[in-house]
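Labels run A, B, C, D and E following the written order; every chain starts at residue 1.
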Amino acid sequence: MSLDVRDLTVHYRTLRGDVHALDGATFSVADGEIMGLAGESGSGKSTLAKSLIRLDARMKYVGGTVELDGARLPVDDQDAMVPFRFHRVSLIPQYAMSALNPTRRIGRLITELLESRGVRAAGLREELHRRLDQVGLSADVLRRYPIELSGGMKQRVVMVLSTLLDPSLLIADEVTSALDVSTQRAVAEALVGFRDRGHVTSMIFVTHDLSLAHQIADTVLVMYAGKPVEKAATRTVIDRPRHPYTRMLLSALPEVGVTYAEKRLAGIPGHPPALLAPPTGCRFKDRCPLAAAECDEEPPFAEIAPGHRVACWKAG
Amino acid sequence: MRRYLARKIFVYALTFFAAVTINWMIPRFMPGDPVRTMLGRASLSDPGAAEAMRAYYASLFGLDLPVWQQYLNFWGSLLRGDLGTSVWLFPTPVTEVLLGAVPYTLALLVPAILLSWVAGNRFGAFAARSRWLDNTVLPLGYILTATPYMWLGILLAWSLGIVAGVFPIAGAYGFALQPEWSWPFVSSLAAHWFLPFLSLFLVAFGGWAIGMRNLIIYELDADYSGYLEALGAPRRLVRRYAFRNAVLPQLTGLAVQLGTIVAGALLTEIVFAYPGLGNLVLQAVNNRDFFLLQGAFLFIVIGVLIANFIVDVVYVLVDPRTRTQMQGGRA
Amino acid sequence: MLELRGLTKVYRVGAFGGERLHAVRDVGLTVHPGEVVSLVGESGSGKSTIGRMVLGLAPPTAGTVVYAGTDVARLRGHRRRKNYYREVQGVFQDPFSCFNPVFTADRVFALIRAEYFPRATDPEWRRRIAACLDTVRLDPAQVLGKYPHQLSGGQLQRLLIARALLLDIRLLVADEIISMLDASTRIDVLNLLGDLKARGLGILFITHDLSLGTYISDTTVILRRGRIVESGATTAVFDHPVHPYTRRLLASVPRLHRTWAQADADLAAAGDGGGCLGCARHPGGGHPPVEVAEGHLVGCFDDSA
Amino acid sequence: MTAIEPAPAERRWGESLHFARRNPKLIAGTAVIAALLLTGVVAPLFIEEGPNVYVGPQGQPPSAEYWLGTTNFGQDVFAQFAHGLRATFLVGLIGGGIAAAVGMAVGFTAGYRGGLADEALNMVTNIVLVLPALVVLIIAAAYLEARGILVQGVFIGLTAWPWVARAVRAQTLTLATRDFVDLARLSGRRGSSIVFREIAPNMSSYLFMTFILLFGGAILTAAGLDFIGLGPTQGVSLGLMMHNAVVWGALQLGMWWWFVPPGLGITAIVGSLYIMNVGLDEVFNPRLREL
Amino acid sequence: GDGGSGGYPREETLYTTGAQWGPPNNWNPIMNWAYTTGTAGYVYEPLFLYDPQQDEYVPWLAESGEWTGEDTYEVTVRDGVQWSDGTPLTAADVVFTAELGKMESVPYHNLWEWLESAEAVDDRTARFTFSDPRHQEWANWIYANPIVPAHLWEDRSEQEVTAASNEDPVGTGPYLYETHSEDRMVWAENDAWWAREQLDLNVAPSYIVDIVSTSNEVAQGLLLQNDIDLSNNFLPGIDQVLNGGSGISSYYAEPPYMVPANTAWLVPNTERAPMDDPAFRRALAHSVDVAQIIEGPYGGLVEPADPTGLLPIWDDYIDTATVEEHGFGHDPAEAETLLADAGYEDTDGDGLVETPEGDPVELTLIVPSGWTDWMEAARIIAEGAQAVGIDVTADFPDEPALRDARETGEFDLLLNNERQMSNTPWTYYDYIFRTPIQERQTTTNFGRYDNGDAWELVQELSRTPVEDTGAMQETIAELQEIQLTDMPLIPLWYNGMWSQVSNETWTNWPSSADGDPHHLPTTWRNYNQLGAVLTLTEIEPAG
């Protein structure tokens, strides 16, 4: 068991009250697993990703536990988290384009960061070059400033840097959303390559695009309104989704070849609930065609088949 | 990079041209013609003598030529370093008068600017560190920048000079001394220099501290800081990066603020009767010596231009971003 | 109805505009009433620039945009431009940035009213808006009087379409209007465009997502570095891509039922060596657009240019 | 949703008000300004004689009768202070107002028009920026035979605008790339109304803060001019009071009540304006709020 | 202060300030409006000194001088006087100096309007022959103008004479140029000064450091800190210090403390109505509350002027009977009566009078902006005038503008005090009455008062020998009669010869007290010729 998250709850403090952006997430990621984390915008994907490594000033840890490789990850204590960061848990942020200090040469930045974490940079130089090579960058980039690189290059530099210490868990938050299809593919495949070579043990790959998750993830966790609604092996989620939300989401995806004239697809009516005061019970019930009285009670995130969990009364 | 500097130099050249032209206009389009000022002071009661003297001075100042020729001559003599003759200190050349004063002004300005900039930036970065410092010390910074230069000068002169009698409050060095490399002279020079320097320093210091504090907050909030923290970088490193990046806009700020600080130096010199450009400007105004005034103006503008240029060059050297943009690369 | 001929756009960048950037080069295409033309290409290929030129927001460096027989670049004067915008409108990628955040969302309607219908009475105007909102399937009560942040991206995007429909438009330039939307709302907007097309509207549909391109478009134009590399009927282009770039794009599209590996395998199975199929007939590396099938054109350009 | 965070108006104003009420900097700054403004507006109404009338004994320290003492000639320092506040606020208003107007006009035009207009205006801005304002003002003031607060304000305004123009230009440039500007053009709007009705409202808080800084700057500049003796030839201002106090030997004679209040007044006004500005920044700018 | 260590020994150095307002840059005695303080007096010396207190001409470079005929005057130059380069002073130097005046741009060019020739009869005798023997004016010239060395100056062009800074001054006086910098001028004692032997005079300070004034208040600070021994600045509020036993003293121990040095006049433009009406001018004169000016801005540092405006040194020339009859003082009631009698009534009920023709009276009194004491005075004058119904407002244009208005006659009322103390009241009457009126009145008669008879009298006075006080008094009485009835100018107060000294380092300063010397303790321009230089021979180290 690489990562084990139990009831993790994180809120955002705002003027009007707490935004329940992550409300009791329970899931686990196995060694070597790439877990796709999918869901609509605002469903809490980034919140989950961030809370596993560093809560920002606006975020408030409310409850739950995280275990990494059998040891408790002190996500509630930012100072205690420091030793874990980079070494054990690492992140490729959503803002990879602007993640590098614009006034430092990349090589120097990496050296300084490593030294500050007590790692001798010289010892890692060769490995660094090798990994840059793996993602198709020449060692030359180390002498350049971030501004001199294209978006895709920066993305890959961040990727290499984040995984340099072979973390157990890598969180990649929408790392490809801003790229066009061919670059997106290259980056995504590079990530898989990292896992295959053991640079990272397991990975959470955040995306809003299920078809992209399908390309590289072993399992997919679908979130809705701050809660996980379904987790299963990727094929299972794509081919035999059990949660009505997942199903509707998939049916709304146009595929190459499908045309309006031939097959008119339908979206999901309605809106996700406001997370300031989330409704009780199942959060999808207002938009769910199957909703019934029992949905007023919150469905458990139950395992209905091995490795397949769904939070729906009707899924059973 | 070369193109960037070329462009800058072009702007500076244009500014210089505009300044010189304005400058040339000063004595010519001001009320109270300089020749009449001279005559007035010579108190000639005889109309004939007055007329003769008038013609004499008019030709001396070159005011009897057609306007366009005056303008060209002005450029000509300017390039020879000749700024004309002072009316007030007739017949001393303006350049000579100014060169006597410039060292004092520079002696105040250069250390005040550099030290306040360095100290203000350090302090601002330091204050942004804690809520407590931020709330107690920074208001002080605001008060300091809001203080009129001369008022701070007055307060210092009054409290430390007149009441406490610790510092002298007039002149550049003791009146009993002659410039020489001796301990009494140097210490006297320093004692006279200190208060005007201090008031300049303090006001400017406040401004830099606040600027830095605001910038560093933005920098600490920037994505790259967040990334560093997510990778567990110690606050020291994050702050160092933030500081370095925040210093860059402060450098530009230096260029923008230069004029204000120079103005502050002029006012401070007046308060402390420090024999620099400020006092000259004041006397030039009081004595309607527009040739001196234009000379002082030109000196100051050139000084500010040079300083601006230095800042620009330094900026290019320290900020990689400008360099790439200059190469036409896209951000 | 809309015809682009030899459209070229060169931006001057760098200090003093010393560098030139060829954003669009020699692009020609037509949009007929009731036709959806997809403009597909990677980021920076010049799609938006074409859209902006069509909308008269950027003057072309060379070539012409001809709409209903008139050259758009020649539409000098406020009145003429207004008349053009009465028939041609645009909707942009980012619905949030299309609304002025300090005003309520329906200000976009008010602007149209102020410029085009200054004499409309309030009830008349309300009726008109209601009709348009109905077309885009929005409930007036839900969207009017609200600030942009109180509405979802899909709602905002639909408001923008409704805004365009207030005028009797004949042509809509839709620049990546769905890429910012969630999968669940995307399809609604696409369906809406489909409905409009059915009513005879010509649509220039700009996207970098090929899978969306096929859903409603009749014609697909693939753009690369400002040039058209392949164009033709959507089905033709997707089913029989000729240019290697098109094929590479298609293979990179993440699809639900086919992984990248499978796509590569398929290509390999088809014996695709990665060359341009058009070049088979025009050897010698690079050729101007040629017709490989009816209405299916392929251009092969030297990349170094 | 991607990185673009909407800056929603209603919530913004509502939140702004919320934070404004809770922001000690803003409250303190506003309170001081209000108090001084009130003094400047109201107190002169109760002072029957003008500020320059000899009303009492000469050179008296503060007392119950003369709150801030009297000058060498027996003028009431408080009366001068109150009138001076008025003049000082006026100069700030005129100078700041004109600088803001010119700076915005130039900034908006340069930023929105772009191209040649931008190049030219940029050049002008850079030139004026580099010329040391006070020296230019000294010359301009020396040029005038009779100087009033109004003219002083106008002159100050005409030299203080360049950095505003720069800042507004930069802001306009970013805002002009926002799609709603293009959309307004598609709605048949003219350039000028796009600038003033679409772009400017988005910068309102920024523009307001700019004005505050200009206001304070104008006051300081005016004080400097007054101090050199190039202040208004009629009337009182705080700078002129300082000038008079110094000229009449208040320092040497230890008449602190003569030279402390005007300087303190200026510092209080400008300092409060600056602090208000930080307060406003914190109110409008969510990123600064937690600090 | 920190002046104690190093440099010039404090007890041998005299620190002065108040005359030099800009960096020292000019040691040319011909440019008498621009030379560095001390150039005339310390370095270049005149033939005579004039002691105004004693009304005495003190032979200086001249051993004697007398009118040898109706039109001729002969000077005998002192024997054994040497220029500081060792060359002896001769009559040729005197003649040369006078002849410099033939250059148009030399300030005393108009000397040659009435001087016919100057010649050196022998080494020690110079003879002047006059076309118009103006005794008073000549007496003035002969002490006011220092002699320059012919052997160094004779090759100089007009420009070098009148517009060069003459660095390296070579004179005959008690001091030599030592050094100068931006803010000071240092003079060192001339050990070879002729007066040591010949007159047994010795200047006490080995050094004089004259500090450039940047402002009065700075001078005040320096004086109070004993960094300065003699300050010739106007120091408002100094009376508080003088009374405080601080070692600072002035000429008089009681108000006005200062020696009256010139008269401040209210100048009405007599070419403009209603100032062209003597009755109106008289009424205006009665409205001015001089006492309030003296108490207010001046804090008692000045005295009200005599109705004739003559300085106290000229008390003997005041015709008391005339003053008795026509004199005036602050008397609002009288002013109102005078106005009413002359037909100035308030016809429209605004509290302000109109002219007999019914035109409104709206007058502006101008003084230069920044001249704070005068600005205050102007306000008080305006208030006084308002109080009697004359609408006067004070306005403060810039000095050049004011000067221009003054010269061209584009003004209603102004203040002026440009005539200083001198050897004869003739200089005052010249100032008041000189005609014909020029397009520009640059130095005299700013009010453009045109009275040919009066000017005849002034010229007559000019020709009266200076010893003939009786004749002078007669002519002056007639002038005073005209002056007091016609009121071309309204005298207000005597400006002081601002002078405050510190007794810390130097004592025995001149004062009015018995036993103290009586010379003028000042460094002001042209006052050395009035005997101020003698102060230096009388002060004593305090130590």
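Everything below uses one rule, namely that contacts are C-beta pairs under 8 Å (C-beta built on N, C-alpha and C of every residue); 3 or more make two chains touch, one makes a residue touch a chain.
Predicted model only: the values in this text are computed from it and were never measured.
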Chain hops separating chain E from chain B, counting only touching neighbours: 1
Between A-B and D-E, the pair joined by more C-beta contacts: A-B
Centre-to-centre distance between chain D and chain B (centres being mean Cα positions), rounded to whole Å: 22
Intercentroid distance (Cα basis), chain C paired with chain B, Å: 56
Inter-centroid spacing, chain E versus chain C (mean Cα positions, whole Å): 91
Mean-CA-position distance for chain D and chain A (Å): 50
Sequence positions of chain A contacting 2 or more other chains: 41, 95
Interface hub residues of chain B, defined as touching at least two other chains: 31, 162, 270, 282, 286, 288, 325
Contacts with 2+ other chains: residues of chain D: 1-2, 142, 145, 229, 246, 251-252
Contacting residues of chain C [partner chain A, same complex]: 42-43, 152-153, 182-188, 190-191, 194, 208-212, 214-216, 234, 238, 248-250, 252-257, 259-260
Residue ranges of chain B touching chain A (in the complex, touch as defined): 222-224, 226-234, 236-237, 241, 244-245, 248, 318-321, 324-325, 329, 331
Interfacial residue positions of chain D with respect to chain C in the complex: 1-2, 4, 6-12, 178-180, 182-190, 198, 201-202, 204
Touching residues (chain side chain E, partner chain B) in the complex: 1-8, 10, 13, 15, 21-23, 25-26, 31, 33-34, 104-105, 107, 109-110, 113, 159, 162-165, 179, 181-184, 186, 209, 211-212, 214-215, 218, 221-222, 225, 227, 370, 398-401, 403-404, 418, 434, 438, 440, 442-444
Parts of chain C lying in touch with chain D, wherever the complex brings them together: 52, 55, 57, 78, 81-82, 85, 89-90, 92-94, 96-104, 108, 111-112, 115-116, 147-150, 153, 160, 180
